[in-house]
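For clarity, chains are labelled A, B and C in written order, and residue numbers in each chain start from 1.
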Amino acid sequence: MILPLLAATLLLAACGRDDSGGGGGGGGGSSNAPGITDTTVKLGSSYPFSGPASAYSAIPKSLNGFFKKLNDNGGVNGRKVQFITYDDGYEPQRALANAKRLVEQDKVFAIVNPLGTANNLAMRDYLNQNKVPQLFVATGATVFGSDQAKFPFTTGWQPTYQTESKVYAEYLKSAKPNAKVAVLFQNDGFGKDLLSGFTEGIKGSGISIVAQESYEATDPTVAPQVKKLAASKADTFLDITTPKAGAQAIATVAQTGWKPLHILNSVAASKAQVLKPVGFQYAQGIVTASYFKALDDPQWANDEAVKDLKADLAKYAPDADPTDPYTVYGWLVGETIVQALQKMSSPTRDALVDAAKHLNYNSGLLLPGITVKTDGDSDPYPIEAMQIAQFTGQNFVLKGSVIQASSG
Amino acid sequence: MSLVRVTAGSRAHMALRAGTALIVAIVLIAIPFNSNPSLNGNLTLVMSYAVASMGLGLLVGYAGQISLGQGAFFAIGAYAAAAMLAKTGLPYLLALPLAAAVTFAIGLAFGIPAVRVRGLYLALITLALAVAVGPVIKRAEPVTGGVSGLSAPQPPVPGWLAVDPDQWLYLLSLVVTALMLLLAANLTRGSLGRALVAIRDGERAARTSGVHVSRTKALLFAVAGAYAGVGGGLFTYAQGFVAPESFTLLLSFTFLGAVVVGGLGTVIGSVLGALFVVFVPQYAGDVNQALTGVIYGCTLIAVVYLLPGGAAGLLRRLRRLLVDVIEPAPAVPVPEPSPPPEAQRGVHDAVPTSDPAPTGGDPAARGLRP
Amino acid sequence: MERFLQVVVDGIADGSVYAALALALVLIFRSTGVVNFAQGEMAMFATFVAWALADAGVPLLLAVLGALVFAFAAGMVVERLLIRPVEGSNPLSLVIVTLGLFIVVNSAAGWIWGFNIKEFPALFPRGVAEIGNVSLSIESLGIIAVLLVVVGLLWLLFTKTPIGLAMRAAAQSPSSARLVGVPVGRMLMLGWGLASLLGALAGVLVAHRLFLDTNLMAGVLVYSFAGAALGGFDSPIGAVVGSWIIGVTEALAGTYIDVIGSDLKVLVPLGIIFVVLVVRPAGLFGSPEVTRA
């Protein structure tokens, strides 16, 4: 009984033998800056390639294409990027294990754009304690970036859920100042964060929440919840769902004959991925907030940045889906990473984080008027503005102007 | 055929066992100092899963009761520990007994009605438990942190020990896991173990032998729950953060997988199985990132086919190649032979025979077949 | 009162989604004595096959038929190649094999068709039937009708045909069945093939309203188990009625018991399973297990 255990542990000890204690990866790397040399820089991340959130694997697909193009054109500051990603199946313990593997075994320079609120929370302590950058996290949870004193190595990237919901609140205040709102929200950090931002945003106005229903990501359908909300006869429907539930919600609203002002959060507001399967005829009038251009939007058909991206995708990421908004998202994240790498004053992790916290640039893929800007501790959120768009005919049409809504 | 032959119970045998145990202990303790925090972290996670699988192994392997709810008890134990660590100032070591006590109590409360149910139906009500635990955790926000999860301070390295935090967590988990392993081995060797085997092989016969079947089964549920609770506590120590996403229904199946892959009816199998379920999904991605699920699933199926005795069975065969433990020749034929030493007991004893036709005893107790 | 009736009717409609898969679970249990945890994923995969055919231009009904044939064949192949080798041994090994199958099929579907939702064409006309102020969609009526027809066919199969009798014999007592000349292996294959076909049928029935993706059946499976357990695992009509009861009680609890709310409404069917299985494991319509001393 004991003997088998001996065999197993001897095997383990053998492969556990590590040559750590030496320097970082490659020549020239000091223990101050693992994962970076004069010619290469190693970045790592953790994404759900399997499991319930696997639709987000469109992001690394796009990012890989971005880095391929970057390397083809000489890299950044003469350094080519090696991007290593691991699957976490959307499980926090696997995300943490991946982060440790990337830092300890692959010796990456920084962790960029890991996905998932719980996953990022799981690795945040470890990365900050070991002074490894956790940059541009792929989640809108407001908590990433808010506590700069305690977690200085962590920054966000996309507009936070609170930013987004404040944008909806601002829009409603002018469009429907006395709206009676029914809310459907996913019962997790994403849903609750958006809901609380909205509740905050409508304080003191004539808008009120008259009904709210939650749903679990594992529920087969949200039709019962939507039917219950329809019975409340609210005139506005705030729909905080992920793509599949969003599609079900739109279909159920049409079925019940309820005709509210339907505000659909950006995660579920993809024309190709959500509205098309439901049927454009049922999506008329749906309002959402966005911050970047969609590649299948005819208003950008002649836009230089959009045309360039389509060509780049065909060349460098042919299996990426151009109609998937997360393809554009991934490319945008790549641009931000490069900005930080370009601007860092020395090849050290501290310098990278500092560069990430002092960004100020525009991207042709962002909506006009939206920039990527951070300013140290006083403004840790890179993108804090969105614009309302309403689905008319076969496309989302931008309305009004860009709404700034800081998360701080 | 073997390299060495010893007689069971002889001094050579004892010396061999003691020597092996010593070497194993030294190797296990040496590992964290010759690896890196990533591997140490993984091994610590393996140990928390192994403890949970041990408890499930007792329930499933020895008593033939299928439970799909071990993940629920694991979650409860992890949250109990996290809540204690995060919200009270109690000494951190208390988190483990607390988790064990809470899950023991819930396991008992669940087990008492559950013992009336067999086979498939037992699997289903434990499945119900596994599905129920997520929403309840999210609702109990003041205690559990709700949807956002709960951060818990990790056990600090004691001042008198000059090791790194990851090494400390590994060693702490190692001690706890070893203790739980010894406890399980003792349980299976003693009267409880005999009662369990009797129940598995035929409840009616067991009853006539004086085994109090319902009470034993309920107690076993509680014990399995407590094991999962301790595993959950170790999980919290190692992760420092718990969230509902960590404890999906898949986790319950994962523990079951660990029990089968490791080797049904063996206690050491749970450790080997835990190694499998932690490392294979992680490294399946290295083979082909898009197909991690396919690779993991196929590997799981392959192991069930190729190694019916699990990894423990394989290692047992390897051991037999090296060392042959033979029974001492009896001086006089005795009607009641002494029970074979634990090392001799093969997988065959613990796994029901492969004859599908009922040979006696309660067919439903053997699992899912009607 | 009207609202109450509407909630009940909605519950039956939602319950029908669970019922469709529950029938497949019951069929496989009745004809082979095992529980297939991968039933939902196999159903999802076959539904994707139907979708792919329809997307390629095949007329919808032919596409569905194609998927059913595919599912039947796949079920038989799975039984012969994957399940048969472990059938006689430990039941737990069987559970783990079906679990492995779950993971493989789910992953394979994602790899082949991606992870975004697809629109599955409607099998029934749009529209709503109204009685008084209570409405029920034509689609739901259609699903219920199909369910009842299937239940009827299964009843005919198992009680009135020799092959159905042979299947039941093969499931309940393989060795005795062999003695009287029943080709047990073939019956098991047939059972798996039929169950897989029913699963595919369940998938195509519900894919339009749930939207097709790799998680189509993941959430449904537990409810289907609940429905089958409540109704009795060896009773097709039990599976349907049980699932309806699950749907209705869940809807009522979610609507009228405020403290439960939408997040805890799943506890209702779970609580029902628990009580039923402890008190009367055979379920409402099943025949109680009789063990010979």
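What we mean here is this: a residue touches a chain if its C-beta (ideal position, glycine included) is under 8 Å from a C-beta of that chain, and two chains touch if they have at least 3 such contacts.
Just so it is clear, the model here is predicted, and its values are computed rather than measured.
Taken pairwise by the contact criterion, the protein chains are fully connected, each one touching every other. Chain pair with the larger contact count among A-B and A-C is A-B, by C-beta pairs in contact. Centre to centre, using the average C-alpha position, chain B and chain C are separated by 32 Å.
Mean C-alpha position of chain A lies 36 Å from that of chain C. Shown for chain A are the residues that touch two or more other chains, namely 50, 187, 216, 218.
Residues of chain C found to touch two or more other chains are 107, 110, 263, 266.
Within chain B, the positions touching two or more other chains are listed as 135, 138, 290, 292-293.
Contact residues of chain B toward chain A in the complex are 17, 20-21, 23-24, 27-28, 30-31, 34-39, 41-43, 45, 134-135, 138, 146-149, 151, 235, 239-241, 243-246, 248, 266, 268, 271-272, 275, 278, 281-282, 285, 289-290, 292-293, 312, 315-316, 318-319, 322-323, 342-343.
Put simply, chain C touches chain B in their complex at residues 29, 33-35, 37, 82, 85-97, 99-108, 110-111, 171-175, 222, 225-226, 229, 233-234, 263-264, 266-267, 270, 273-274, 277-278, 281, 289, 291, 293.
Note for the complex: chain B touches chain C at residues 60, 66, 113-114, 116-121, 123-125, 127-129, 131-132, 135-136, 138-139, 204, 249, 253, 256-257, 259-261, 264, 290-294, 296-298, 300-301, 304-305, 308, 351-352, 354-357, 362-364, 366-370.
For chain A in complex with chain B, the touching residues are 1-10, 12-13, 16-18, 20, 49-50, 85-87, 89-94, 96-98, 100-101, 103-105, 116-119, 121-122, 125, 143, 187-189, 191-192, 216, 218. Considering their complex, residues 3, 10, 14, 17, 107, 110, 114-119, 128, 137, 209-211, 213-215, 218-220, 223, 250-251, 254-255, 261-263, 266 of chain C touch chain A.
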